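Here is the structure we will look at.
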Amino acid sequence: MISRAQFYLLTVNFTLGTTLFVTINEIIQRGKRDAWMMPLWAGAYGMLAALLWILLLRSSPGKSPVQIAREAWGPAGVIVGILYLLWFCMIGAWALRNVSDFMNVTIMPRTPPSMFHVMFLLVAGYTVVQGTETIGRLNGIVTPFLVFPFWTILMLATVDWDWERLLPAFQNPWEIFRFTSLMGFPFMETFALMMLYPKVRSGAAGALLLGLASAAMSISLVVFMVTGLLGPERAGRILYPIYTVVQEVELGDVIVNIHSVLIVILITLIFIKLLVLLYAAFETIHQLFRPASRWPHLEALSILLSAAAVVIYENPIQNRVLNGAITIAYDVFHTILIPALMLLSLRLRRALQSRPRRR
Amino acid sequence: MSRRQRAAAAVLALCAALLTSCWDKVEINELSLVSLAGLDRDPESGIYTVYLQVINPATGASAQGAPGGEQSPVYTYAASGKSLAEAQVTFYKLLPRRMLLHHTKAVLISERAARQGMRDYMNFSELQPDARTSIPLLVVDGSIAEVMRTFTPLERNPADSIVSRLDLMYDFTLKAGRRIELRDVIERVEREEMVVIPIVAATSKTGHLNSFDVNAEIDANRNQLRVSGGAVIRDYRMVGRLNEGDLVLYHVLTGEKGRFVRRFPFRGGHITVNMRSRRMEQRLDWQDGKPVVRIRLQFEFSTIAMKEYFPQTLDELKKLEQHLNQVFAEELKTFVNKTRGKGWDLLRIRSLLHRKAPNLPDPDQAASEAEIKIEVETRLRGMGNLGRLYDGAGGEP
Amino acid sequence: MWMLYAVLAPLIVLQAAWLIRKKMYRDTAVFAAVSLSGFGLWASIASGRPIILNALIGRIIDAAMSLLSG
Amino acid sequence: MERRTKGRSIGSDLAGDIQTMLGSPPDLVCRSLITDGDRIVKCIYLDSLVDKRTIDEFIVSSVQQNAFAEEPAASGNQYIQELPFTAPYETVRQQVLQAVVAGKCVLIDAARERLSLIDTYNAPGRQVDEPRTEPTIRGAYEGFTENIRINIGLIRKRIANPSLRFEQMTIGSQSGSTVMMVYMENLAPETLVREVRSRLAAIRTDSVLESSYVEEYIEDRILTPFPTLLDTERPDKTAAHLLEGKVAVMVDGTPFVLIAPLTFFELFSSPEDYYQRADIATFIRWIRLISFFAAVFAPSLFVAATTFHQELIPTELLISLTAQREGVPLPAFLEVMLMEIVFEIIREAGLRMPRAVGQALSIVGAIVLGQAAVEAGLISAAVVIVVAVTGITNFVVPVYSFGMSQRLLRFTFILLAGFMGLFGVLCGALFLVAHLVSLKSFGVPYLTPLAPASKDDWRDVLVRAPRPWMKPNVLPASIRRLKRK
C-alpha cells in the first residue's frame, strides 16, 4: 500500500518521464511561440480520460484493470490482459530506447544502447521485486533530487531570457490543436498507473487527477521557458532542447559545462517511468497467471524489454513518422475503447443480475 | 536458486559486464583540449581549412608557479578537406590525441569564408553535441593562418586573451556587444535580423617569433592580436563592416548597456563625456499608414572625463545636457541613415514590425520605408574628483 | 552474434530448469512464453533481420482500419 | 548410563563423580566443612571462578556455626538454589555440573539431605574503562565491560526506573553463554519485545562468544552492507535508546550491546549531539552527512569525471590534472582502485600493529606511498588527495560498523564509475536507494522518518532541534509505528 502523496508524485514523474526529453522540440516545432498552450489542453484531455478510468475502477473496487477485464469477460479477459501486457512492454521498451538514444546523442556516443537498457532493467527489476512500497518510497526520495536541480538550472539559465522570442503571441491559436499524438503520449500512457491504483490507501482518484494537472502545467512551463531561452527557431530544430539549455548554462566563469551531471540526474525521470511500466507488466502477469515465483518473470520481462527496446524502431525519423501515425490509434484502443467496453459490460451484467433480486 | 545464489549470480554478471571494454572511456592525457577553433574556406576550390589551437598541458602546471618554461602554451594544427567533417577527421593525421571540443573558448572565421556564407558551418557545429554554440564568434581580418599562429603576451592562451578582451571592451568602451555568440548569430539570422560580430586581426610582426620571444619582447603592440571593428552579418553572410565609432552607436541603439567615452563638438571646441547607456525602448506607431519607430535612449554621464568644461550652475548643466541630447541624437540619426542607405536593418525594424504587426503584407517594404525618430536623454550622474576645473591658459587649442 | 546466445540461452534454460525442479510448472510455462518471445526478438536482431515493432503495429492498425471501413 | 548410576547416592558419591567428570582440574576445590552438629557438609567449587571472600566469610562460617542451612531458600532465588535430594541422580549430577562450571558453589549436606547451589560467581576481568570505538569529548567516559553484571549496573545507574526489565536466557549448546534482553516495559512496544524474544529463542548454535554472533542470527536481512542492529559500548547511548522504547541485547563476555530497531539516520547521530548546543550539534550532523557522501561517492565521481566526462572539469583544473597525469602508466580507474586498496591495507595493518610500531607504519604509509609514488610518477597527486579525503571522511561516522559498509559501497561505486561513468554511478545510486527503502529492521522501515515520511520527527534527523522545541517524551516514529500495529 502506498500513500496518496506517493501516488501523486508517481503520476507527475511518470507523465514528465520521457516527455521532457523527446517531445519538447516537436511541440515547439508545431506550436511555435504558442507551443506552451499545447500541453495544457492535452493535459485537460488526459484528465478526462482519467475520469473514465477512475469510473471503471470504482465500479469494482480493489481490482486492477486486468482483473476487471477477467471479471467482465471471463476467459476473453485473459486476451485483454495479454494485450495490456504487450502494451506495457511496448511503452517500456519505448522509454528504454529514449534513454539510450538520448545518451548516445548527448554525452555517451559510443556506449552500445543495450548497456543502458540492461543496467536500467537490472535496477528496475530489483526495485519491482521489493514491492509497491519500495516503488513509492524510492520515487518519493528521488523526486526532490530531480525537481531541485532541474528548476534551479532553468532559473539560472534565465540570464539570457528574452521576451522578444515569445512575440508575437497568439498568432494562430488553432494551430496548436493539430498535434494530436500529444494526447496519446504522454497523457494516455498514464493508464499504466491504474495497475498501481488499487494499491493506494485512499484518495487515489484526486491524486491521479491532480498529478496529471500539475504534470501538464510543468510541461507547459518547461516549453514556455525553453522557448524563451532558445527562441522558437532554435528550440524547434534542436533534437533535445533541454540538453542545449543545460549545456549553455554557465555558473560564473569556472563551472561552464555541468550538463552531463544534470543529464544523468534527469535520466532518472525516465527510470521512474520504466519502473512503473515494468511493475504494471509484472502485475499483469501475476494477476493473469498467478505464478508462485517473482524473479524469473522479471528476468523474462527484462529479456523481452531489452530486445524490444532495440527493435522498437529503426531510426528516429521512422519513429517520428510512425509515432504521428499510430500512437493515437494504439493508445485510444487500449485506454479508451477497452475500458469503455469493460465499463459497459460490467454495468449490463450488474443490471441483469440485480433484476431477479428485486423480485 | 536461493536469494544468496541470485545475488552472487547478479554480481558475477555485473563483473562480466565490467570486464568488457568501457566504450566512452578516455584518459585525460589521451585528450587534446581545443581552446580556439578557426575556419577558412577557399572560394575557388571550396576546400575548408580548419585550425585548432590545442592547449599544451605541460604549461598548465602553472599552479606550482612553473609555467612550462620555453614550451609553447598552445599548438596550432591545421587540416583541410572538401567538407568540415572530412577536415575534422583529417586532423588525426597530425593530432596524436582525441579532440575535446567542450572547452573551446571562441571560434574565428576568416573574412572570405564569412563573406561566402557560414550557414553550413553553423549547422555543423549545432549538429555536434560536444561543440557548444554559446561561445563568441569573431571574423578574422587578413590571413587567418597568421592569426591562429600568433602568440599573445601576458595572457598566454590566445583564446582566453581574446575572450577577456571582449569582456573588457564591453564594460569600458561598448565596442563589443554581448550578443556575439554562435547561438546569437544563428537565432538572429533565423529571425531575419542582422547581427554585428567583432573582428580580430594580427598586428604587425617582427619576423617569426616563438612564445618565449613574445614574452621577452617589451613592445606588446606588435606580434599579437587586436580586436577592433565589427563585421555585419546578414543571412549567415558578412555584408560589411562597422568602424569602431559606429560600433558604439550600433550597440547603444540595440540596447546594450555599458560605459563608453565620446567626444562631442561643444562651443566651437569639443567636450569629452564618459557615458553609460541606461535604457533603450523602441515604440511603433502609425502615421497615415506608415510605420514610425520611436527610439528613446537614456544615458548617464559623469564629469570624470570632462576636462574641457565644467558646468557650475543648474541652467549651465541643463544647457549642456540639452546640447548633448541634441548632438548625440544627430550623430545617431546620421549613423542610422547611413546604414539604412546601405540597406542594412541594424535596428531590427523588420522584426519589430513582425512582433507588433505580424500580418503586414510586405514587412521588408514597410521596414525599409519606416520612419525612425530618435530622442536622446542624458543626465549627469557621477563626478570626477574636481569641483571646478583649473582655468589657466594653455589648454588644447 | 554467438555472444548473445552464449548469454541468453543459459539464462533462460537454467532458470526454466530451476522452475521445473521446484515443480512450478505454471511458472515455467509463463516464463518460457515471455522469455522465448524476447529471445525470438533478439534472434531477429542477431540474424540482421530485425522485426520493427513500430512498423508491425502500424500495419496491424491499418489492417484493422481497413477491416472496420470495408 | 542409567545402569552405571544405579544405586549411587547424592550424599556419598556426587562429590567424587563431579571431580572425575571434570577431569579433576587443578582449580577444583572440594572441602569438607564440619558443623558444630558434627555433620559433614561438602563444599565444591571452581576456585578460578568464585569470589573466595564470599565463600570464606559467608558460606564457610555460616555453615560451621550452622546458621546457614536452617531456612530453606525461597524458590526462584537467583543466588541460593535448592535441589531436591530425591530427584534422579543422573539429572541432579548434570545440574550440579552445570552449576559448578558456571561458578557456583555446591553444598552437599548428606545428613539433612539438602543440596544447595550458591552463586559465588566472580570471574577475572577488566574494570570499567573508556569506550574504545566511540569516544566522546563531552559526556560520560564509562564504557561497557566484558562482565554482564557490571554492564547491568551501568544501565541501572542511568535508569532508576522500576519498569526496567532484564530477561536472561542461555544460548549456545556448548558455550552456554548468558544473553540478556533489556527494555523498558512501559515504553517498549509489545510487538517488538515479543519479536526480539522469539528471534533470540529461535537461535540454534553451539557457541556465542560475541554479540555479533547473535546479531547475525536475529537481523532481518543477511544480504545487506548496512547494519540493521546498532552496536554500542556506551551505557549512556544504550540508556537513551532504551528510553526511546527500544530493546537492547547484552551478551556476557563482550562490551558490545545490540540495540533494535535501528534506522538509517540514527547512524549519523552520536550521543555527543545531545550533550552539545543544538546549533553546533546540527552543524556537526551535517558534516557527518556530507562526509558520508564524500566517503561513498568521491572516488567514483573522480573516476567518472576524469575518464568519461572531462567537460565537467573547469578548463584550468583539467589542464593541471592532465599535466599531472603525463606519464602516469595506469588508467585513472586502476590508479584509484589501487590506492584505495593500499589504503585499506595500511589501515588494517595499523589496527593489528602494536601502538609503538603503528606510528612508524603511518609515516611509511603517508610519506612513502603518497610522496614517493607521486614523485616517481606512478600515481597522480590528485588521486592521492582523493583517496586521502575519502579515507578521512570515512572515520567521521560515529558507528564503526557503518564505516565498514561505507568502504564496501565505495568500491562498488568505483567499479560502476569505471564501467559507465556517471550513468553507472546513477544506476548504483538508484539501486542503493531501492535497497535502503526496502530494508527493514524488526519491522521498522530503515529510512524512517524520511520514507515513510513523518514530519514532526525531522526535527531530530537533519537538525538537532533544541530540547525545549522537541515534544516532551514522544517516542521516535519507528517505535510509534510498532505501537500502532
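Note that the chains are named A, B, C and D in the order they appear, and that numbering of residues resets to 1 at the start of each chain.
Following the convention adopted for this analysis, a residue touches a chain if its C-beta (ideal position, glycine included) is under 8 Å from a C-beta of that chain, and two chains touch if they have at least 3 such contacts.
Keep in mind that what you see is a predicted model, and the values were worked out from it rather than measured.
Counted by C-beta pairs in contact, the busier of A-B and A-C is A-C. Averaging the CA coordinates per chain and comparing them to the mean over all protein CA atoms picks out A as nearest. For the pair chain C and chain D, the distance between C-alpha centroids works out to 51 Å.
Distance between chain centres (mean CA atoms), chain A to chain B: 43 Å. Distance from the chain A centre to the chain C centre is 24 Å, each centre being the mean of its Cα atoms.
For the pair chain B and chain C, the distance between C-alpha centroids works out to 57 Å.
For chain D, the set of residues touching two or more other chains reads 308, 311, 315, 420-421.
Multi-chain contact residues of chain A, defined as those touching 2 or more other chains: 107-108, 111, 115, 122, 256-257. Contacts with at least two other chains are made by residues 15, 18 of chain C. Within the complex, the chain A residues that touch chain B are 105-112, 115, 118, 122, 164-165, 167-168, 171, 230-231, 233-234, 237-238, 243, 247-248, 250, 256-257, 295.
Interface residues of chain B, counted against chain D in their complex, comprise 3-4, 7, 14, 17-18, 22, 24-29, 31, 33, 35, 55, 57-58, 60-63, 100, 102-103, 105, 130.
Contact residues on chain C toward chain A in their complex (touch as defined above): 8, 11-12, 15, 18-19, 22, 24, 26-27, 29-31, 34-35, 37-39, 41-42, 44-45, 50-55, 57-58, 61, 65.
The touching residues of chain A, counted against chain D in their complex, run 3, 5, 103, 107-108, 111, 115-116, 119-120, 122-123, 126-127, 130-131, 133-134, 137-138, 140-142, 254-261, 264-265, 267-268, 271. By the touch rule above, chain D contacts chain B in their complex via residues 222-223, 306-308, 310-311, 315-316, 318-326, 328, 331-333, 415, 418-421.
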